[in-house]
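See below for the structure under consideration.
Letters are used for the chains, namely A, B, C and D, taken in the order the chains are written, and counting of residues starts over at 1 for each.
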Amino acid sequence: MAAFLWLIPALPFAGALLLVLLGSRLPRALVTAIGVGSVGISAAITLLLGFEYLSERPAFYHQELWNWFNVAGFSPSVAFHLDALSMVFIFVITFVGFLIHVYSTEYMADDPDYTRFFACMNLFVGSMLVLVLADNMLLLYLGWEGVGLCSYLLIGFWYKEPANGYAARKAFLITRVGDTAMAIGLFMLFQTFGTLHIQTISTEAVQVWEVGTQLAVIIAFLLLGGAVGKSGQLPLQTWLPDAMAGPTPVSALIHAATMVTAGVYLIARMHVLFELAPAAQMAVAVIGAVTLLLAGCAALTQYDLKRVLAYSTISQIGYMFLALGVGAWSAAVFHFMIHGFFKALLFLCAGAIILALHHEQDMRRMGGLQKKLPVVFWTFLIGAASLAAVPLVSAGFYSKDQILWLQLAGENGSIWLYLAALLGAFITSVYTFRMVFLTFYGDSKTHVGHQPTLAIRLPLIVLAVLSLAGGFIELPHNFGHVVLFSDFLSPILPAVSVVPDFSRYEWMLQLLAATVSLSGIFIAYLIYLKKPDLRASIHRSDTAMALHRFWHSGWGFDKLYDMLLVRPYVFLAKINKQDVIDSFYTFIVRLSEFFHLLFARSQNGLLRHYVMGIVVGAIMILTITILL
Amino acid sequence: MNANDFLHLMPLLILTFGAIMNMLVISVWRNHKIIYVITAMSFLAAFGSLFELQVQGAYSIDPLLVIDGFAVFYMGLVLLTALLISMLSYAYFEQREERKEEYYLLLILSTLGACVLVISTHFASLFLGLEILSVALYALIAYLRKRERSDEGGIKYLILAAFSSAFLLFGMALVYASTGTMEFAAVAIAIAGLTELPLLLLTGFGMMIVGVGFKLGVVPFHMWTPDVYEGAPAPVTAFIATVSKGGMIGLLIRFFIEVDGFRYPVLVLIFTIIAIASMFTGNLLALQQQNVKRLLAYSSIAHMGYLLVAFLAGNEMGVQAVSFYLVAYFITTVGAFGIIAMLSDKVRDAEQLSDFKGLLWRRPWTATIFIAMLLSLAGIPLTGGFVGKFYILAAGVRTELWLLAVSLVINSVIGLYYYIKIIAVMFQPAEEATIIPYKLQPSIYVASMGTLTLLTLLLIGIGVYPTALLQLISTVLETFQVVAYR
Amino acid sequence: MILLWLIVLLLAGGVLAWVAQRFHPASPRWISLFTLLAALLLTLMLWSNTGASLTDSAWLLRLEQPWVPQWGVGFSLALDGLSLLMLVLTFFLGLLAVLISWREIQHKVGFFHFNLLWVLAGITGVFLAMDLFLFYFFWEVMLIPMYFLIGIWGHENRRYAAYKFFLFTQASGLLMLLAILGLYFMHGNQTGTFTFNYFELLNTALTPQAARWLMFGFLAAFLVKLPVVPFHSWLPDAHSQAPTAGSVILAGLLLKTGAYGLLRFVLPLFPTATVEFAPYAMLLGVIGIIYGAILAFSQTDLKRLVAYTSVSHMGFVILGVFAFNEWALQGVVMQMITHGLSTGALFILAGFLYERLHTRDIRQMGGFWATAPKMAVVALVFVMASLGLPGLGNFIAEFLTLVGAWQANNWLTVFATIGLVLATAYSLRIMQKIFLEKNLEQTVLPDMNAREMLIAAPMLVLILWLGLYPQPVLDLAKPAIEAQLQAYNTPLVPEPEEPSIQTAFYLPATDSVYFQNLNEAFYERK
Amino acid sequence: MSNIPMEAGLLLAGILFMLGMVSVMIRRNIIFMLISVEIMLNAAGLAFIVAGSHWAQPDGQIMFIFILTMAAAEVSVGLALILQIYHQLKTLDSDAANFMKG
């Protein structure tokens, strides 16, 4: 089965290629078959490969397709490397990707650019698979940029609206900033190791560098730059909320489940490097903590359903970063997977709602959908529970709890990080259920047009099941102690070293987390459902509203960057449109023309003047001869 | 004077004979065709007689003249050019009412003057040659006497030429006063021992430079050029630009190398200044010029500046470079003015830039020839002008005249602008011609076009395969080198 | 002789095309099409035939004929991997240029094709000449036809652009001529043999002072041609005013002659001076990358915009050339090829748009994806290529260049890498303004027709191939690059008196090792 | 004559030359300009004679004869031209003949 590894990314690519080449001529059914089918087969192969992997338990599968190029020893291959870490990722990518493709057949049914949509989606899946399967950093970079391109194309899918195009370009540009840092990191890696092969680097780094070597720290920071850009973390997070301009399946697949977690993958993949660079690892944790708080606050104030989810994504990835930062690698990946399920679910539900409400995204104009869209309501509720980490039943509880716990229990953890995470958890449950209450409860405000059919319901239900059941493969020590997932990852990702004798406090912390989550829900319930005057009083307070506006704008980052970078750049470009250097050459031309006119005046046609010219010349020559 | 002397002076004698023949025939029977044939024949015969001389090495007719390789080469150049010009003149004058026949008489005479100039080794012969050349030229310039401009050009040239001749003569007198001889070689011997030249001699040289500079049309003695070029009939302009200047260059080289003027920094400095000033002034003046004849006049000022660069290089290579450049420049200039002559009508010459609008589409072959000539003037490869300029630059670099070399480069670029401007005018969308040339007889037309085509082929020939010409120049100049560097 | 025949073929084809117009108005197109096809096939044949001998020596073929023996000028041509690649690119783009002119050029077709073929002949000569005089000769020869192409068939401001192009290149070329002469005499005075032969001149020992000045002379020509900021200002005008075929040749080939000159002449001839100058050159490169990108961002004329992207991309070339390592130089070679393709393609697209809309103003475009999806996809691919998306050829080029440059200078590489972000900004603007957003003018843009697809398809295939499997190209260029680098592999401060450093370049006439593996048919030495 | 130093003779010639030169410059009538040029030529002739006598050679005088001849030829052509100009312009003012400039 491992021989078919290459088919996993190749099939979606082939699908994309077919759709691009034959696009306009194919009947819609065939487009669907190619678009969904290619990802479906990939998912099937992934599952088969996964079973094989589980049964054989090899260290990794490796498949080299061809040598990309070879220049003076710099010889990256187009080769795939499948180990447990990439296994988790390709599973989420192909499986969730497949579900979202299925969903899209209905969601995009009326779009004239149906083919283009599936072409881009397939291309995305392919690139993402290359990203996580690459055995060297350069191929990874190829996938990395490829998903960036697809993200750009899909955010700006409805290109007629200039705002969408703006959002798309913003996404591409900002991630490219991070990519630039990453590229420089790659140069340094290459200079040090003479290769970009990930396994080689991982094994050699330990021998070459001591912990805390400056070079390692710099490289880790540069890679972190790339990760931060892709994953929408501080300070490059501003593109992600705007990226919601794309169709909702896109938001679900790219901007929630897969692409934005590429940063998590990168750091997990290069964990050896980060372990050698404690400063960088610390930075990962701090960035995660700060991001999750900032994004959580911003999510509290959004009215656009998808923007709430977008900020929530940023915030949840912040959790993953937090986990990575304390060395809880497998916890981060676990949260990635669970988050992939429930966030995709939430987005797909949101999509169903938006479709039903004639592309209405403002939560203030929703409400009362509980009865009208029951399937969507229940699945959304499940997803929300998972996001808010409702104890015991939801998968999100288990994955998030692990992260919270390791903040204190892990050796690299600290109380501040824990507190931030805890506060974040509280905020999360508040905004999650604010969303639930505003959307599904209260009075109905907009007419429901479209009832979801099977193509939408099926993915919702499957994802809902996963959002509930997914957590049970990894349960805390004191609570079933299932370690299927971390066992699976253990050959790749070392377990976090836990402070000894701390585990007896674990139940306390779990209780605390559960309380926080539930109290968040309760407060949301109070404000948004039970006591509307409480909400009104908040609205009356000036300071609260100022804070609201500030948060609503995503902590003013957009404005800041606009003032600091965008405007000066555009201004510079605008004033220099005519190219100031050119005026130097124009000046030379003008100068010669001036001399031309000057000399031409001497040629005035008067014989006397010409005689004078000769005399002057004679005098000059005689002066020179006599004086010198 | 013995028989051998006469043999060696055969080209001059043939020319004289041709002139007298013309005079006689005119008095008997005015016929353009016959006069033309006689003229062409005498140029051809004179040119042919050179082949006899070439093999015999330096032969000096003391004290006035010397026939050496250098002289043969320059005479050949002058005669061939004159022949070509006379061929182009026929078509030009055929369409005009003026009496055409005396023109050829004057043409032969001034060619004779130029020939004397390049073989002279004595102030007297120098003066004689110069004046034969000049006096004939006065009449040639003003030949189309019904045209105001022609007369104006003539009188301007006359006054200024006589004026500068006075300088030349006075300078010669001073040199004579200070050295006691008028022979170049003797002058050289007289000053050979001196490291510091006496004031009288220097003043004399200075005043001679005025006279020479005027004939060459270099800054600051250049102001006559545009007016005379514009006023004179196109073939005459070609003649002034080539034969008259070429003769003077030949003389200058002979004299300067004979007295080894490069030893004296003052003289070198003066020529350097003149060269640089000529290049810049000429090119800048040409920059926005709308009249093609004036433009070519200004460009000729610049080209004389380029020539001086090679001249200042002062070695064997310099002389060869000057000679090569002159060949290319002569071909080009004759070609360019030939085109102007061909396109002219009865009333005026085709000299306005607008007359050339769309020429490439109206008369593609004529335009192509003109483009080739212009590109050669600009020094673009595939043409002789490129090799010439390359040679000059090489000579300059070899002697490490960096200032001059760099000025040459800068000026080539300025010059390029106005040459390609003319080309650009030619490929503008075709319009109705503002000037419609006289419909020539097919045979004459074919002959003129043939001449021009020949020139173009020559030009490209020496541009692509300069080896033959280089070979010729170096063998012909061998005898001269012996004399010059003895 | 095959090298000579290549040039003669083009020249003759040009004359034939001009003459043929009298007989049939469409014949010039076919003539130049077949001429270029023949030339392309011939070079491809060379490639396949010489594959075996690549490992032995950099030189595949040589031709020596005396030309002007008095001056030591020979008609000497030689082919190595680098030249071969450039030739393939030349004929490929030339072929496309003929195809895109099929409908665009409707008047003076014969003369147009004459000029087109003569430009290509000049370029071919430049890539092959191994005699500095001959090199300069071809260097200039390619200008005039190009001047005609811009000046006759260009857009509204064509005369100005044509002048500017001609004057800039001519001025810089003359400075190179000065340097060539300087080198010629220094070598002659030293050894007693005055020659312009490249292989002989490689042995010239120069004082540092002299080497510096001579290098500047050469650099002047190549940096202007490349172009490097601040000598770039001819380029936007020339590119934007030229007809499409002209722009393609300008961007795709003429700029490459500058890069080629740097590789072929500046590096091996002046090993010490270049090392000295390298940081400044790299700085110029970085300035070019960033300055070009900023200017490209603000342009509203599509062709002007693409022209400034060329300025930016060519910055990578000079950055790489002066990094003196194989990664960077391979990157440079790749950049020369891929930039030729990608920018050529963008100009072709601009040409398609101009044919349909009669404007190049991107403010009047928009929303064309709906009506012209094929064109949009093609544009997308090449826009992505120009911003350096992995998987497309330009990425390999830029990444290798940057990897190499990083070894030489960290900070400058950082800034060059930032240029990639700016590249994103202007590249996306192209897509945005033309194919996305609303169609304000309500223009219905016809999509690409079969002929246009025929032009675009090979370019797409090539750019993808170069992005995914560039190894054949890299292999072909490798010996040539190693040869150019030989001088730098010895200790960093080589004494100029030591000729052995460079003897590797020079092939003694008797040495048949270099040729023994060659197919007899291509054995060219007299 | 031999007791007069050469310098004095040359000085006289020089003064004559200057006079001629200045009057060419300040005159506008073409005939006067021509006459002034003749004066300059004769000054040169004088200088030749002085130099010739200094070196006790006939060459100076021969040159003078050449100059005289040449001047005569020049004047004859010149006068013919002046006649033409007078026909066309009805004036002898040299400034009137400035159709060509620039």
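Going forward, contacts are C-beta pairs under 8 Å (C-beta built on N, C-alpha and C of every residue); 3 or more make two chains touch, one makes a residue touch a chain.
Keep in mind that this is a model prediction, so the values were computed, not measured.
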{"item": "Shared chain contacts [chain A and chain B, defined touch]", "value": "C, D"}
{"item": "Pair with more cross-chain C-beta pairs in contact, given B-C and B-D", "value": "B-D"}
{"item": "Most centrally placed chain - per-chain CA mean versus overall CA mean", "value": "C"}
{"item": "Geometric centre distance via CA averages, chain C-chain B, whole Å", "value": "43"}
{"item": "Centre-of-Cα separation between chain D and chain B, whole angstrom", "value": "26"}
{"item": "Distance from chain D to chain A - Cα centre to Cα centre, in angstrom", "value": "96"}
{"item": "Computed distance of Cα centres, chain D from chain C, in Å", "value": "65"}
{"item": "Numbers and ranges of chain B residues touching at least 2 other chains", "value": "155-156, 159, 163, 167, 226-227"}
{"item": "Chain D, residues touching no fewer than two other chains", "value": "21, 24, 30, 33, 94, 97-102"}
{"item": "Residues of chain A touching at least two other chains", "value": "600, 603, 605, 607, 611"}
{"item": "Contacting chain pairs - touch in the sense defined above", "value": "A-B, A-C, A-D, B-C, B-D"}
{"item": "Contact footprint of chain B on chain C as seen in their complex", "value": "67-71, 108, 133, 136-138, 140-141, 143-144, 147-148, 151-152, 159, 162-163, 166-167, 170-171, 174-175, 177-178, 181-182, 184-185"}
{"item": "Contact set on chain D toward chain B in their complex", "value": "6, 10, 13-14, 17, 20-21, 24, 30, 33-34, 37, 40-41, 43-45, 47-48, 50-52, 54-55, 57, 59-60, 62-63, 66-67, 70, 73-74, 77-78, 81-82, 84-85, 88-89, 94, 97-102"}
{"item": "Parts of chain A lying in touch with chain B, wherever the complex brings them together", "value": "592-593, 595-597, 599-600, 602-603, 605, 607, 609-611, 613-614, 616-618, 620-622, 624-626, 628"}
{"item": "Interface residues, chain D side, partner chain A - complex", "value": "21, 24-26, 28, 30, 33, 94-95, 97-102"}
{"item": "Partner chain D, residues of chain A touching it in the complex", "value": "600, 603-608, 611-612, 615"}
